[in-house]
Amino acid sequence: MEFFQHFLNALQFGSFYALIALGYTLVYGVLRLINFAHGDIFMVGAYIAYFVAVLLLGGEGMSGLGLTPAMTLAITVPVTMILTSLVGVTLERTMYRPLRRKGADRLYVVITALMAGLMLENGNLALLGASRKSFPELMHKVVWTFGGVSVTNLKVVVIVAAIVVFVLLEFIVSKTKIGMAMRGISYDKFAIPLMGIPLDTIIVFTFILGSSMAGLAGILYAMSYPILEPYMGALIGWKAFIAAVVGGIGDIRGAIVGGFLLGFIEIGVVAVFPSTLRDLFAFSVLLGILWLKPTGLFGVAQTTKI
Amino acid sequence: MQKHTFTISLFAGIFVLTAMAQFGVINQYLVSVIMLMGVNIMLSTSLNLVNGYMGEFSCGHGGFMCVGAYVSSIVTVLLFSKNHILGAPLLPPSLALFAFPLALFAGAAVAAVAGLVVAIPSFKTRGDYLAIITLAANYIVISAIDNMEIIGGPRGFMGMNATVNGMEGLLDIPWMLLWVLFGTVFTVWLLRRFVSSTLGKGVPAIAQDEIAAEIMSVDTNRMKLIAFMLSSGLAGLAGGLFAHILGYVNPHSFDIMKSTEVMVMVYLGGMGSLSGATLSAILFTVLLEVLRPLEIWKWVVIPLLLILLMQFRPEGIMGNKELSDLFPKLKKYYSFK
Amino acid sequence: MKRMTVKVLVAVLALALGAFALMGCGKDSDVIKIGFNLELTGDIPKVGEASKFAAEMLKEDINSKGGLEVAGKKYKLEFVYQDNEAKADSAVNAALKLITQDNVVAIVGPNSSKQAIPAGGICNDNQTPMVSPWSTNPDTTKDRPWVFRAAFLDPFQGPVAANFAAKQFSAKTAAVLFDIANDYSKGLAEIFKAEWEKKSGAGTVVAFESHGTKDQDFSAQLTKIVAAKPDFIFVPDNYNQVALIIKQAHDLGYKGPFMGSDAWGSAELMTLCGKDCIGQFFSTHYAAAGAQGATKEFIDRYNTKYKYVPDDVAALTWDATRLVLQAIQEAGKVDKDIKAERKIVRDALANIKEFAGITGTMKFHGTGDPDKCAVVVQISPEGKFEFKESVCPQ
Amino acid sequence: MPLLEAKGLTRRFGGLIAVNDFNIELGEREMVALIGPNGAGKTTVFNLVSGFYQPSEGAITINGKDTRSMRPHQVTSLGVARTFQGIRLWGEMTVLDNIRVSQHYRAGYSLLDCFLRTKKYMGREAEIERVAWELLEAMDLKEYALELPRNLSYGLQRRVEIARAMSLKPSLLLLDEPAAGLNSADVEGLIKLVRWIHETFPVTIWMIEHQMKVVMSLCTRIKVVDFGATIADGTPTEIQANPAVIKAYLGDDTI
């Protein structure tokens, strides 16, 4: 029984890793840019969801519109995704794009992303203060117990959402025109504009897609772990990045597999060994995987022609 | 004669700084800032070998620093402090002066060996995959120390002051400042000698075209081994000094945040420039201290400044140039090889 | 062009260095300066913020009455806050800056042991009195005549929790969930475990699980704990994690009681945790709900001013600062020489044998560590922390 | 003993046979061409010889030493140098440094020598520097010594690449399409350069080249491959008349 419980736990937490890893991988797939601010965009997403929900629902000292929780949830999800994608696009337009135009080394853009993340975290701390926010309950929690295994309806929603998002993204990237353009850019950034495809539009679209996923993950995360703080995105962001790379960065299937894999490894280590050894063992396993498969599980080795 | 001007003025500078600290011309706070500046210079120049010269993306430098800090601290504590492992100190405090560099060396050596964890996978993998390996290495080091009860685990480890006191008992001068200054000069000197030699130029050759390098007789695996081990060894040296400056170490002082800071210093200075890494380490340390009064806003302003700087100079302060490339007149005085 | 930019940059750097070297200032003789070495940014900003708020409140109190009276003369208080970013190295620099640049008489903080241990070493070496409000690690004050603290130590609190839980829940077995990266949490967890097994026999701590500081998912650890079927779960964790832990444990079908430690004692606990926390117990410094006298006054004023009930760290900072102020007064004079002043303040601090703080009466025995009573509180259905029992050291 | 001997060399990539049962023997100071249509597996042969690929079957010996399981830099130290189809200079290093780094195997001193600047270090570095300057002088590149390769013209870059290969003092020089992308004046220069190298240094030159003018005016022997297999081997005149070669290049029905 304990095994099934751990299995379900791993599925749920893996879903969060997977959802965030998808954002990393989308941007990376197109721009070869590790968007280290992504974990913090996820945090901003959770905060946006909080403010939208409180505004609609009322409470927390605000009068609000007094909508029902279900209505609030229905409105919060799209609004948060839109607003969060705006944050992502703003970062791209004000910080990454100018650097790209100047022909800066890829790693300078990465460092800029790191700095942008720090700014989001600490800006949030400075503006909203150190008090944590408690996310309102938007979904009446139901605990189902089957012979010692407990599941909440929220857990099911999270797992289903991760799978739906994966299917949707896989469809967009492999079947639609804009998805093909995205894949095209990752092969050859210079040829794509010559084919009459607007490079910047595609890049902005990628950021919209990636950041809105972070926003969605933010809402689901805030509902599952209803305590918001400015640094909540930092650790999970790093770990999701690791998941994306272990899966094979740039590949959507890789992000999903990597995310679930990390969830299973972390929870598996805790389940079998003393939990104090979790980080030690989990990261050793990941290191071992990369040792054996140097380009991740789904990554294709770059063949160099000479 | 002119060729030696730089070396002479360097040692004169160290002497003057130490004397100023000794006679209270600069207060202890400034001395402490200067010492941390030295440590930061060591960290950023050593990471520059891997991230700048070799073009890899190592984001776990803090882990190696941690190894060096703990190993050298354990050695000095075993030798000179009353401790719960061996009880009484093994050696009289008067020997601290001679044993301290050996302890630092031990820390650096173990950190260099720890560098193998990253160096060996680097034979097969590159870029972002290697970045994850370095990141994982950082987590593994911290988590391992958290689990080692005998050296305090998350409670940290202390007792290094006895060694510093032992040195001061022999002769009452600011020894730690002196050691840090020597360590900094040693690090930059070592790296400078390495990267200016034909052997060392194999490292940027790997960054620019690894296949050409291998086919043009550069043993790329050996070069990677040297670069990673040298880099992590020097980080270990910096860690040892850091631990003895504070007199206390805690594994969580060396987490991803520390590694991030070092990375920022490297890219801010310019990939492949030792003078750039030095300048940016100084700038960064000073910025951190000068902006203290901003309190919470400090960590909003610093990233903002760095972002602006990178927009303004997308190749870092120095690009891949050294000071002597930009001011050729300096070459006359510049024999820091 | 490029060369110009570099020159400009180098010039700016030189200027910054120069300005930096010239920083520091003179000393106003009618002012007493006290330094605060706080965690305003970094991992635990809430702790630093609470400390700062409490200190500001105390300063306004005294300055509005014309200042602190020492030997018949009133001195205005000036509090200097330095952020230590919750980092050890930054805490050392902050301490040194307070000592050498800001010329403070004494330092309050850092709160967390990770910063307080190295900063304590610096203060001791530089002969500046330091009082840590919140640090519970024995090393902070050990062999350091210049360092004091206002909190009780873990070796006292652990048994309090164990004894209370054994009695209250008539428990035979316990489970522990703690933060491995937090020395406070880990230390307390180990002391509790040792104490419990001494009482109830080896193996009666049926699960001893840990998590990381920024973790938000504890389902794996809790699954193991729930499967071990303990009579109660001891959670010596910060209140934000407590809220998540209790909720998740309930999601996993756990229905038994929880026992906590002083780190639960934040008003935010109830906003974050809600109904899940009602009925749980924890040991702490004072019970906010049943508070009387000075304690109640402090809580009410803090609540009015900053819109939340103060955490234990705020109350402890209040006490730590008042401890310093009392020592300054008892020193009987304000020496113009800052070093001499620090010396007499330290001696006065060391001479304080008993201090009536809002977190209880502290008794000092020359180690810098107070003996004080702990209270156990229960969370009432209204979300108030209600007094249950008081345990004093023998 | 031949300088280079390849026997039954086969290389498969998945299902594709890039090189099939390739045999060659090269003696000292020969000048040989390897020609064939695009995709015939010529560069793969070079990659196998220089150790960049391991053969699926067959063996290569250089000066009697089996090079299987050797890494490229080890093969290089046996005296094999090469240039690349697309120029692969180290773009951020000066021309002089390019030619210094390529003598890496000659550095031969330890890391400690490097840090302490021992006599051995100074001697080796002086030697490396001397060889580099001599070569630059001899190949008319001296004035570009401190330039970055990416700032030089294509023709000059080719020349630097050949100089870099020559700094290894090879006994076998592999040139992979040295005339590709050059204008006719540069091609003349290249022919002269290669001839001069062949006359001055004790080196065997083996080149892949599409420009018949280069091949015909330099080489004494030509080997033709198609679909990974050898279809002809002989002197330039023999090859010109070989119907199989004409068929491979022009197709079946043209004759």
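Observations, loosely collected:
Residue numbering begins at 1 within each chain, and the chains themselves are lettered A, B, C and D in the order written.
Simple rule for what comes next: a contact is a pair of C-beta atoms (placed from the backbone, for glycine too) under 8 Å apart; a residue touches a chain by one contact, two chains touch by 3 or more.
The shown structure was predicted, so the numbers you read here are calculated from the model rather than taken from an experiment.
Steps from subunit C to subunit D, taking the shortest chain of touch contacts, total 2. Taking A-C and A-B together, the chain pair joined by more C-beta contacts is A-B.
A straight line joining the Cα centres of subunit A and subunit C is 35 Å long.
Distance from the subunit B centre to the subunit C centre is 33 Å, each centre being the mean of its Cα atoms.
Centroids built from CA atoms put subunit D at 42 Å from subunit B. Counting partner chains per residue, subunit C has residues 41, 45, 180 touching two or more of them.
Among the residues of subunit A, those in touch with two or more other chains are 122, 125, 276, 278-279, 306. Counting partner chains per residue, subunit D shows two or more touched chains at residues 52, 84, 88. Those residues of subunit B lying in contact with subunit C across their complex are 26-30, 32-33, 36, 146-147, 153-156, 158, 161, 242, 245-250, 252-253, 257, 279, 282-283, 286-290, 292, 295-296, 298-299, 312-313, 317-319, 326. Contacts from subunit B toward subunit D in the complex involve residues 190, 193-194, 197-202, 204-205, 208-209, 211-221, 226, 272, 320, 337.
Across the interface of their complex, subunit A is touched by residues 51, 57, 117, 121, 124-125, 128-129, 131-133, 135-137, 139-140, 142-144, 146-147, 211, 256, 260, 263-264, 267-268, 271, 296-297, 299-300, 302-304, 306-307, 310-311, 314-316 of subunit B. The part of subunit A that touches subunit B in the complex is made up of residues 28, 34, 95, 98-99, 102-105, 107-108, 110-112, 114-116, 118-119, 121-123, 125-126, 238, 241-242, 245-246, 249, 276-280, 283-284, 286-287, 290-291, 294-296, 299, 304, 306.
Only residues 1-2, 5-6, 9-10, 12-13, 122, 125, 129-132, 134, 141, 143, 145, 148, 150, 152, 221, 225-227, 229-232, 234-236, 266-267, 270-271, 274-276, 278-279 of subunit A touch subunit C when the two sit together in their complex.
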